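Below, subunit A partners subunit B and then partners subunit C, in two separate complexes.
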Partner chain A sequence: MTIFKTFLKVLNKNKGIVILYSAILIFFAAFSLQNNDNSMQFEKEKPSIAIRNRDQEEGFTKEFITYLKENSEVIELEDKEEAYLDALFYRNVNTIITIPEQFGENFVAQNNPEIEVKGTNSYESELTNLMIERYLKVAKIYFTISPSEENFQKIKETVEEEIKLEMTSKLNTNELKKMATYYNFANYSILAGCVYVICLILSSFKNEKIKKRTIISSVNEIKYNRILLMGNFLFAIVLWLFYCLISIVLIGNIMFTKQGIGCILNSLLFTLCAVTLSFLISNLIQNKNAINGIVNVIALGSSFLCGAFVPTELLPEMVQKVAHLLPSYYFINNNEKITSLENWNWEHLSPILLNTIILLFFSCLFVIITNYLTKKRRKQT
Partner chain B sequence: MFFHNFKYTFKILFKNKSLIFWTFAFPIILGTLFYFAFSDIEKKEQFDRIQIAIIENELPNEIWNQALKELSEEGENQILQLQYTNIEQANKLLEEEKISGILILDSEQKLIVKKNGINETILKFAIEEIKQTETMLKNIIHSITYESQIQDTKNSINMTIQKILQMKTESMNNIKDVSVNNMSYTMIEYYTLIAMTCLYGGLLSMIAIQKNLANMGSVGKRSATSPTTKKTMILSSLLSSYLIQLIGIILLFLYTIFVLNVDYGNHFSFVVLLTLVGCFAGLSLGIFLASTLKSSENSKTGILLAITMFGCFLSGMMGITMKYVVDKNIPFINRINPANLITDGFYALYYYDTQTRFYHNVIGLLLISCFLIFISILFLRRQTYDNL
Partner chain C sequence: MNKVIEVEHLTKEYKKQKAVNNLSFTVQEGEILGLLGPNGSGKSTTINCILSLLKFQKGKIKIFGKEMTPSAYDIKKDIGVVFQEVAVFEELTVYENIDYFCGLYIKDRKKREQFILEAIDLVGLEHYQKFYPKQLSGGLLRRLNIACGIAHKPKLIFFDEPTVAVDPQSRNNILSGIETLRKNGATIIYTTHYMEEVEILCDRVMILDKGEMIASGTIAELKKLTNIEEKVTVEIANLKEKEQKKLKEFPNVMDVTYQNGLLIISYKKGQNNLLTLMDYLKENQINYQKIYSERPTLNDVFLELTGKELRD
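What follows is the complex of A and B.
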């Protein structure tokens, strides 16, 4: 109890920095979730485009713009070259469409006017190109066969023709992707939080005088480590609870579905693993000043390599192979598997179970190594 | 004395492991991580053929078969990769996400997809185009039959169909694609890395100044009592910290250019200018914090790291969208954010053909640096002590 009480005392003494650090990490996760809507991780069904219309918005041009507005998300930008170019580079829009002067008139008169497209060479810009090409082709055919005003209606009818579509998955994929993104980010927030705080607090126990007093006490090193580990868990559980609570606020009711509960439990398991890893690291480092550097290298390193920031499927194959050596990989892989799980049968659950066992194995391994190191060091002292 | 202090400050700074980690090793580690995470991302985002299974339950429809053949013809314009199979096999492939959709060619065509996504959207779009061609043909045939009173209707229809189908396959000459290649947004990540390193360089000048301050430690006290002028001490210390900063940044440049293949555009001299000014901004930030704050070295270090990281966060290090959002909505913040001015300078060199934006960034950085140094001078000058 003395050890546990001391742990709490040190934690209380450092509460300012601990709360600040944890809050920043959780804020990063929440922010990354809000920000993702616009970035590379979510695939939108409608491409975002910007239209620079130099023509009058009437006749054919008006029809064409209406079609574009119905089939894509038109982003309004300040009419400056720089605003358009920046929006394209940062993927706020995926294509800039420039309609020249007298485009409508010339098109109807079959003078082959040209519209200019500038895209990002991505899926979305490819889709926009297809869309424009389709509309102009259909219009061109109608006007070649019979040049009349009635064609506007016919073009509209033709391009609005839809195919019967059936979607097999009943899952709310967008919400589940959000959930996976948020919980993948936990790899950084929880790991960095645990490593930083645990190393900071345990460094107080490394003071030479305290260390010597502990060695001559009757408590054996395994019990001593176990009590410290319990204290660490207490902090980690609070961090984890906050992280989960915020996910309920940000992602909503979907957190109470099977997939949501799965992700929460998976993150609890990872928190356990993160605590044991932090405990091991705190035993390895001797210099308090090195904590900041180590936190960054370990938390950022595993997050980048295992797909916490960038979806795993977008990582190079070599990196994915190396990632298998780290516990974060199994945590993130489990998140991905849980959020795409539709049939809860053995075939689909067994890979999740295997990842869980591997995470537990890592936790045990870290505890064993820590105990071995402490024992060895005590003998040396 | 100038050289003596310059030499020893250089040695002291170089032997400080924590400083060298943040200014030399950390940027290289972070750059390597960026490389691992982002090297394939843009390649994998590029358009690839969409896999689709076709199930034919009825006699083949000529228009559909012809159109599917065109969409899947190998070459630059290939959109689909077809496989003709049965429904069980197709469902299995869809479940395993090996295909994006199943097209059932029955009396009425039906498309089955697993989920929402851009591949599915493009697929739906391509398939709908075939259906639309069919409708268009029907519309046109109808109007020809309705309008023409002549005997030769059948011939006229056949000719029109041929013409339409030919026009459908012809490539459009109404669209001019002016897309450029320098669109790699992951470059921004590396530019923020350079910005971070320039500003982390402030740690060096901060420590260098710190050792000359009498109220900050015994070395400072001894320096203050020495006959050398404060100007000589401070200038020589700053020069050596700037030199170390430049060594660090040169190493990072070499690493990012030759190992990570980062593209800084074609204007080498401008890159050098921006780097020198960026490091100067870092230096002035360090002097500013060292001279204005009265706290310990550790807390000053923490503050400088926090300011730099926050600046990099706003300039897109943790996601490039952030930079765009701030630039668009609160541009003032990014105009006084040195990390963004450095990042934006490199971005301007990489993406824009003109240098106007680049010069704005360089001038902005110089103004901020001069302002910080001016404030620092106000704090540093005429510090005298009755006793130490």
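What follows is the complex of A and C.
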């Protein structure tokens, strides 16, 4: 009890810095929500294109150009190769479409004439490609059936037909995305909070001189470590509770859904893992001044590597492989899975369960390494 | 009397360098044993081995008749240690610090409160209970360090140079505190390189050098080891070499040294040596400022046994 009470006293003595640090981290987490643009409304975009027509603007060619003009923004350029290439280079246009001579005639006669398309490899130029491909495929089908000019109207009607999209998911995707963002950020906030505070408090207990006095006392060293670990858990649980409360305030009632509770439990598990990791780090470092640097390396490093700030899909393959070695990866991966979980069946729950087991494994591993190091150090003396 | 500590053939090596070499000794219940020796003589290493803070290559250590091991918690509960370096929490007050270290041994809160107040009283920190270590002077910090080590009323206490860099007031306070602990029945191992403290406190002294025991016994017994019986010191501004040679030929004189205006003459026997010297100085019109005679100290014993000063 004396050790536990002293832990709380030392924590209390450092309360100013602990509260300030925790508040800053939670503020950052809340701030991350504001930057989270999760709009689910889509609107059609018109890419910028330039058309070099070498054919007569009549018949099928005329219809094709009209279609392109209606569905994109056509930029008029001087008819010189250099002018077109410059426009493409400076992104004034995304695509240059060159229609060859007698294109219309050949197309109707099903001679498969080819148009030259140069793009910037942007998504706008891809959109233009899709647009051209769609029009020409539809036209080809009609001309295969009957090569007459009556088809022009039918082609126009077919390509202009709008596709109706309906979201079948009953999930509140926007709010769930917010939840995932907030709890992914917890990787940084909870990890940095735990590592910083626990290392700060334990630096007093692990001070070489004080430790020497403890070793010669009648307190069992393993029991002593266990009590300190309990103190660390208490602090971490308070930090976690506070983090969850803020999430309820910011994200709202959705936190009481299955997904919300899933994220809360996942973050609790991660908090326990963060405590064991912090305990291990506090056993390794001797210098109080090194704490800030270690927080940055551990919390920021794992957050970047494991996709707390940037989705993992955008990270290089090598980085993704390295991320698999860190507990943060499984925590963030679980957040993503939980927030997109619609069917609560074994098939969908088993990967979440697997991640949970891996997180528990990491926690046990950190405790075992800490005990091993403590024993090894005692033996070395 | 019971043997509180039994050390047999203790040998501790650091990379084949012997820090303690085949050391054997016993400490009786209620006595204060002084461990004397210069820096690096093996005093702290011996204590750390006894406390199982260091592993040793050879030897056997028993405390209260039982073999001492790192997990001998039943032995550890009756041991108190005051290290040379101050080991306290910066975040806790004087009272809280003593409470923490005492709490590692004493679970009962009321008993602990009483013990803490007694420890505070013993080291004279009554007015500083709510002070933080940063607010204390070096001497007061040392006293707090002692209170943390002895608050649980151990039967065996180790003091590792507790008065290093301490002001005279705190030093006297510490020494009288140790005297009180002895009166209360504690067995004490006291390491220092201040001979005066050893002469005041210790019942028995063990002199260590290069990890080996070079002498052991009561202070009187140790002083018998030296041939010197009297030492006369004279403050003389300028003494010619010719005069020094003449003094060496005086009866009973063992050694004459003259350094920094101090003439020290060591005598084998101690009868009328001072008077004879004063007469000689007067006859030869050698002016001096102060002259005094003293019995040989432990430093003289150490000097004669090892050829060097304790504080070298």
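Structure notes:
One rule holds for everything that comes next: the second predicted complex is superposed on the first by the 252 of 381 C-alpha atoms of A that agree within 3 Å, B and C clash if a C-alpha of one lies under 4 Å from a C-alpha of the other, contacts with A are read in each partner's own complex, and residues count from 1 in each chain.
We adopt the following convention: contacts are C-beta pairs under 8 Å (C-beta built on N, C-alpha and C of every residue); 3 or more make two chains touch, one makes a residue touch a chain.
Here the structure is a predicted model, which is why all the values come from computation and not from measurement.
Touch criterion met: A:85 reaches subunit B, while subunit C stays clear of it. In the superposed pair of complexes, A:2 makes contact with subunit C only, with no contact to subunit B. Of the two partner chains placed by superposition, only subunit B is touched by A:154; subunit C is not. Between subunit B and subunit C, B touches the greater number of residues of subunit A.
In the superposition on chain A, A:14 makes contact with subunit C only, while subunit B stays out of contact range.
By the document's definition of touching, neither partner reaches A:56: not subunit B, not subunit C. Of the two partner chains, neither subunit B nor subunit C is touched by A:110.
Of the two partner chains placed around the shared chain by superposition, subunit C is the only one that A:207 touches, whereas subunit B remains out of contact.
Within the complex, the subunit C residues that touch subunit A are 51-55, 70-71, 73-74, 76-77, 79, 81, 83, 85-92, 96, 99-101, 103-105, 107, 148-149. The touching residues of subunit A, when paired with subunit B in their complex, are 28, 32, 35-36, 38-40, 43-46, 82, 85-92, 107, 112-127, 129-134, 136-138, 140-142, 144-146, 154, 157-159, 161-169, 171, 173-174, 289-290, 292-293, 296-297, 300-301, 304-305, 309-310, 313-316, 319. Within the complex formed with subunit A, the subunit B residues making contact are 18, 21-22, 26, 29-30, 33-34, 36-41, 44-47, 79, 91, 94-95, 108-119, 121-122, 124-129, 131-132, 135-136, 139-140, 143, 160, 163-164, 167-168, 172-180, 183, 185, 298, 305, 318-325, 327-328, 347, 351-352, 357. Per the touch definition, subunit A reaches subunit C in the complex via residues 1-3, 6, 9-10, 13-14, 204, 207, 209-210, 212-220, 378-379, 381.
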